[in-house]
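Take a look at the structures below.
In the two assemblies presented below, chain A is common to both, partnered first by chain B and then by chain C.
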Partner chain A sequence: MAMPAPAKETTAKPPGQPDLSLCVGLFLAPAFFLVPLLPGEYPVYVATEILILGLFAMSFNLIYGYMGQISFGHAAYFGLGAYATALLMQYLQQETGAVGYFGFFLSMLIAVPVSALGALIIGFFIVRLTGIYFAMLSLAFGELLFYIVFSWYSFTKGDDGIQGLLPPAFFRDVYNFYYFTLIVVACALLVMWRISRSPFGYTLRMLRENAQRAAFVGINVRLTMLVNFVLAGAFAGLAGSLWGPFQRSVSPALLGWHESGLAIFMSLIGGAGYFIGPVVGSIVYTGLYAYVTRFTDYWPLTIGVIILAVVLFAPGGLLSLLDNALRRLREKRDGDGERRERKP
Partner chain B sequence: MSGDLLRIEGLTKMFGGIQAAHNIDYTLSKGEIAAIIGPNGAGKSTVFGLITGAQKPDTGRIWFEGRDITGLPAHEIVNAGISRAFQVANIFPKLTVLENVRSSLQVRRGHVFSLFGDARRLCAEEAGELIDRCDLSDKRLLEAADLSQGDKKRLELAIALSSAPKLLLLDEPVAGMSRDEASQTMDLVTRLNEEMGLTILFTEHNMSIVFGHAKRVLLLHRGEAIIDGSPQEVRDSPVAQEIYFGEQVL
Partner chain C sequence: MVYDLTSLLIQLLSGLSRAMMLFLLASGLSLIFGVMNILNFAHATLWMLAGYLTYTLFQFFTATMGESGWWLLPSTFLATAALFALGCLIEFVLIRRMYDRELPEQLLLTFALILIIGDVIKMIWGVDNLRIYMPIEPMEFFDSFVNPYSFVVIGVGVAVAAGLWWFLHHTRYGKTIRAAVHSREMVSALGIRIGAMYTAVFGLGVAVAAMSAGVFLPIVPIGLGIDMDLIVQCFAVVVIGGFGSILGTFVASIIVGVVYSFSVLIWPDGALAIIFVILVAVLIWRPWGLFGTELRS
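The block that comes next holds the complex of A and B.
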């Protein structure tokens, strides 16, 4: 896979037009609800992955699209959450090999504070820097965590990962687990939606737009960045907590830069300037991966071409294409009417 | 002197080998409107930067309302009551005018970490009033990046005012404005001072603006305070004429 494209146009674009995000979200919600009607289990399996990685990419976009910093190590918090859940599930395993319902929910819940704590400790150092230094330091810490998990065999089983994570009977059903994931992700997205429209959400936009002015308005820039970093880590951890029970295993690769790249790709493809952009990116990326790899081994080439096309022809992501088309339609309808307020 | 709003003592700052500010003493009382003048590189912006926490002085102290604010981070100095507008309009370009002002007000009201409040409602009314006062009413829904240079400066003034400052520092508030825009803006600045009692310190190259609006003028030259007096005193001073007005004529 190619190195992630650096932040360019998308960083300057505001997470605007949530009208569009809302419309896309209202369209996607029933679509996701109806996925199990498709024949076979495979589409449900793919849709589960889309949702989990979509949530992970959304959490990344709190840092990228809203705060204007790029993290190359965001998978560390996704992986921390996945491992927290996996290790606790394994610890609470019953004789049957599965974990009880209480243990299952507890294992999932623990991921959020664990990832948040990890993000707090690492973020404390990272938010001292911005731009490329922020990106590089996040990468360094991400790889550090990866190597710890990779090498600490007695605790994490190292390269073998943790296998045989059996959720309780109800959640072993592909369809049930899918709806469970859908509910968790939908709730997380609702919370993020509220945050994006809160004063805190606007504080992040101010940091992205002009951190110097933000400081001279009275914002403690570092503290605000740290709080957002922890929030993003917590949501990434929540996404990670779904991964183990879904895949029945976790491996160190979940913390690696390759996984971090996924969040970046998804945000770029869907549109980092749009609230729902990363989910759209996940649909495209994960969906294509699931089906293209059935026909060809040239997946890196395929996704490389797609990313190239997006960066060249739709630098604001696929949603920006839709957004521009709708705007042109609106302008045609209203004549060259006056500009409206964006309502981010 | 405890009645002073701002008191500066022995302020010195070196950049490399250049003396940007040297042993400057200065006081500002509540309700004053004063200007700092001087040729390019005289240290005007440096003094602003030192007062507002953008830079830390090498030596010297700054008191605001009797509190030592030397070396505090910028955001704490804003919260203490000193707000500034920059020489080149410093705004949030991809946010609308309304969002620029409303978000700044929300910061002042302590909503920075409010995760679930509705940003569009909080402080919206006040933001509207502030925008009206800065003559931007018809542009409130425009993206700040699309404003004219003059409007950007006025928007920055609105942002600076949204911090409810006790002392407002304006670095060349009318630079890049047309003559009409400039006089409109300075009228606004004068009103803020006279009607609301806001203490204002500004720098400006345009001498008619300085002498027309400042009640006190400080002349800096190569980082040193040369004269601090009424506009008339500064205008009549031979030293001032030599280093400043002489240069301007040339």
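The block that comes next holds the complex of A and C.
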């Protein structure tokens, strides 16, 4: 098995060089803030989707990029969050006629503990395995949840999904909802950034490089993995809670493995080795999807060729291309330094 | 619905033919994974491509040389040969670059193939479901009618299983392949051209799948998207049976196929959920599968 990855040189940031993720993030933040200046509502709509899916991909990358395991059923927690929000909103709509602001925020907040609880129960079993077995068990649980949602018609409306989720008046406006999403996602990213720089974050990287050695120095490997799994599930749930009010509907497909694959694509296209990589991947994927599908019916072919090109010619994602280019510039300037494969 | 003996027998028959289809697909997947550590996500898509190819060849033969169900034989053979060549090509051009990459990148590459091949199929054959109608009379079987073709399908499945097992255990090439499952370094140190072997194994795995597509065309209509359902079930089969074990894959296919066809009887919407319950249970209890061994960690 290729997993766990062979120990590579640990990549502490060389002193005096700015962190690429931070630079990209500082560039993207004002760009996202200014998106509504573009003509029409469509760019704002696309940007909202980019942010939500970006957050979802970021939560996946907590498990893949930092912990070195592949969750192939990560959409389960995204979908759980989306359904928790949708079901509560639907209930409030039926009981009181419309969802008030308090009800709306409550519906969204409930998604986080629901997804976290789901991730806790499922993660308890999954973190006992690593590598391909981790991937397969997460896939199996994900599909299981998908089929439960799919066939439990009386509770989830099965294949029909839940339609007509109307947020309160203020959030029905595309621009308002966009800024709301931007704030939520930005806060979540700040928390994630804090986590990735904490001792806990470094412990995760340690598990990725060598779990056995981590155990030798007294780290409770399974507990650490479980805590991270629950965190990732909670962030995925938060992303899911934004999805229902954004699309006005949820469907079982949100829990399926295609959706899980989306998080993997985005992380790898952007660069799983970079904190901000999944967001970059989401910009590329969602942005392309939004505009390419206007010109051609052959979207899968287009994205297939792009993915193929990224895998073959930009291993490590688009950000690693940028990183390598910058490094070559620096090497030219300083005349030393070695090329390293990068992990967050 | 009355659960009498006859309907149960028919359900068993349909479960077994489904099991054979899963086996023919999953055995290639399992072989490729066992030898090369590549999880070929595009396996079912190549299977689907073979199905479309067989369909077109069959239409061509019947249109030019008269109607006969027997044209399925040369059609399947030609499609299998074509897919063997395509499999070798894919390994040689793409998969070869992925051996020292991590699992997600391999998945991403083969997933890109799914998207590309799927869209190419859509371009050439369109979005309609295709199937071949065989002029076969239903056969009376315990007071009920079954399609005798099911027996052909089951026979082919068992024959291929036996053939693969014989090939892997009693021929020089097969033994070399099994040796490579255990230690590719050692095999390559003994002077065996491991690169050529990888290409051949990938082609072989795809060819077995391609053949099954032809064999199943008269009973399973082929259509876009069917590959996605199948590949996930194949993963389930391979994991339940144990990676790299032909016997395990065979037994797991029968379990999954039969359980599925009986679940459909009882709880149509949740039939696949039951498969995943089994998968979860096996992964928790024996992550390396029923017949697998914990080889490489």
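Going forward, the second predicted complex is superposed on the first by the 313 of 344 C-alpha atoms of A that agree within 3 Å, B and C clash if a C-alpha of one lies under 4 Å from a C-alpha of the other, contacts with A are read in each partner's own complex, and residues count from 1 in each chain.
Throughout what follows, a residue touches a chain if its C-beta (ideal position, glycine included) is under 8 Å from a C-beta of that chain, and two chains touch if they have at least 3 such contacts.
Please read all numbers here as calculations on a predicted model, not as lab measurements.
Within the superposed three-chain model, A:137 lies in touch with chain C and out of touch with chain B [touch as defined at top]. Annotation for chain A, partner touching more residues between chain B and chain C: C.
By the touch criterion defined above, A:194 reaches chain B but does not reach chain C.
Once the two complexes are overlaid on the shared chain, A:212 sits against chain B while remaining clear of chain C. Contacts of A:203 after superposition: chain B is touched, whereas chain C is not reached. In the superposed model, A:221 lies in contact with chain B only, and not with chain C. Once the two complexes are laid over each other on the shared chain, residue contacts for A:264 go to chain C alone; chain B is not touched.
In the superposition on chain A, none of the residues of chain A is touched both by chain B in one structure and by chain C in the other.
Within the complex formed with chain B, the chain A residues making contact are 12-14, 16, 194-195, 197-203, 205-206, 209-210, 212-221, 224, 227, 339-344.
Contacts from chain C toward chain A in the complex involve residues 37, 39, 94, 97-98, 100-105, 107-109, 111-116, 118-120, 122-123, 228, 232, 235-236, 239, 243, 267, 269-270, 272-273, 276-277, 279-280, 283-284, 287-288, 296-297.
Remark: chain B residues 52, 54, 73-75, 78-79, 83-84, 86, 90-96, 98-99, 102-104, 106-108, 111-120, 122, 141-143, 159-160, 162-163 touch chain A in the complex.
The part of chain A that touches chain C in the complex is made up of residues 1-3, 5, 64, 70, 125, 128-129, 131-133, 135-137, 139-141, 143-144, 147-148, 150-151, 153, 158, 257-258, 261, 264-265, 268, 272, 298, 300-301, 303-305, 307-308, 310-312, 315.
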